[in-house]
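Sharing a structure here in structure tokens format.
A, B and C label the chains in the order they appear, each numbered from 1.
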Amino acid sequence: MSWFQTVVSLRARPRGFHLVTDELVGHASYLRQVRIGLWHGFIQHTSASLSINENADPSVRTDLERWTRESIPDGARYFAHDAEGDDDMPAHVKASLFGAGVLIPIRDGHLQLGTWQGIYLGEHRDLGGSRNVIVTVMGE
Amino acid sequence: MSWFQTVVSLRARPRGFHLVTDELVGHASYLRQVRIGLWHGFIQHTSASLSINENADPSVRTDLERWTRESIPDGARYFAHDAEGDDDMPAHVKASLFGAGVLIPIRDGHLQLGTWQGIYLGEHRDLGGSRNVIVTVMGE
Amino acid sequence: MSWFQTVVSLRARPRGFHLVTDELVGHASYLRQVRIGLWHGFIQHTSASLSINENADPSVRTDLERWTRESIPDGARYFAHDAEGDDDMPAHVKASLFGAGVLIPIRDGHLQLGTWQGIYLGEHRDLGGSRNVIVTVMGE
């Protein structure tokens, strides 16, 4: 096995950060064949993000959203791009800041996440809908 | 085909965000040979960035620059590193925040960008000059 | 040679940004076998980060920490997650913003970093302790 690719459709979620590790890699039988490799998730949207953060206390997710709303405010006076509402342009800023993808090492069939790490979907729109993630796995 | 690497020199641009998808991958005949793979762009500078955002409305680029100038201000009182001017240290902050590279899945000879996604050059200096990007493609 | 993976334990450092290029890749004999490839470093923690920035003037590191403390303040009124202290939740924000990993092209046995680029450890806790980085190298 060397390369594998699939598309995962994440169900619609409210604005904020959500732990999606299980949804993205929960039943990934393809991992079993990888001794050393990399797992890549890429979100095909410009108003949502993928990043890595704590998988335990949900207050990390709510506080991350609080910082984000405080620092990239809806309807800030300097934003002109608001065709889709006050949450439109802030969502784009967050997409570039948090990033569209995560790349995680694989060893002996398992993602090498730290004990406290998980994959966060950043849903940056009020009504973002479902989100497509392209999963690519390479390894030996 | 498994690995390919080249250097693309992006022409000098004014400070701000610029859509460079075509300049980076517009005539990429090497992509045709890739069934499943990844495209990596890496900018060899510490005052410019690569990220992914909307490829349509140019106001996303100007608003992203507005947020950036507002939140990482030129000549902020807490910056000591200003040998090259008031835009020097803010450019370094932006380089780490937006990142030096983007990694994009490939399928059947095409980048798997979402409908509205493109690659942004963040030019964070007033007079940044041309910028080198190392493009690496791997796949089968 | 196609794949290689190892774990590097970075020694404990004070809060702030630290240049760790040599510690991560200084004696990397495995690189010599790579003609074209990619080097990936992934930090297994949610209160530290890896990013790329200037390898020369140390004031870039101290100023980057100053911006970070100013913009993601310890003990901000909107943070609820403070079980481990005022630096707890800000460290999580920084982990997602700066990112858990860096991906760097390799050519003819050498990382293709620009002249002024190095790898930064962002230590975002007051007492973070040692930090594990998974290094994965792929190439031909």
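In this text, a contact is a pair of C-beta atoms (placed from the backbone, for glycine too) under 8 Å apart; a residue touches a chain by one contact, two chains touch by 3 or more.
This is a predicted model, so every value here is computed, not measured.
Interface note: chain A and chain B, two copies of one sequence, contact each other through mostly non-matching residue numbers (shared numbers fall below half of all numbers used). Overlaying chain A on chain C by C-alpha atoms takes a rotation of 120 degrees, rounded in steps of 5. One inter-chain figure worth recording: chain A and chain B are separated by 20 Å, centre to centre, where each centre is the mean of the chain's CA atoms. For chain C, the set of residues that touch two or more other chains comprises 71, 97, 99, 103, 138.
Per the touch definition, chain A reaches chain B in the complex via residues 2-5, 40, 42-46, 71-72, 76, 78-81, 83, 89, 92-93, 95-97, 99-101, 103, 132, 134, 136, 138. Contact residues on chain B toward chain A in their complex (touch as defined above): 35-38, 51-54, 57, 59-60, 62-64, 66-67, 70-71, 97-99, 102-105, 107, 112-117, 120, 138-140.
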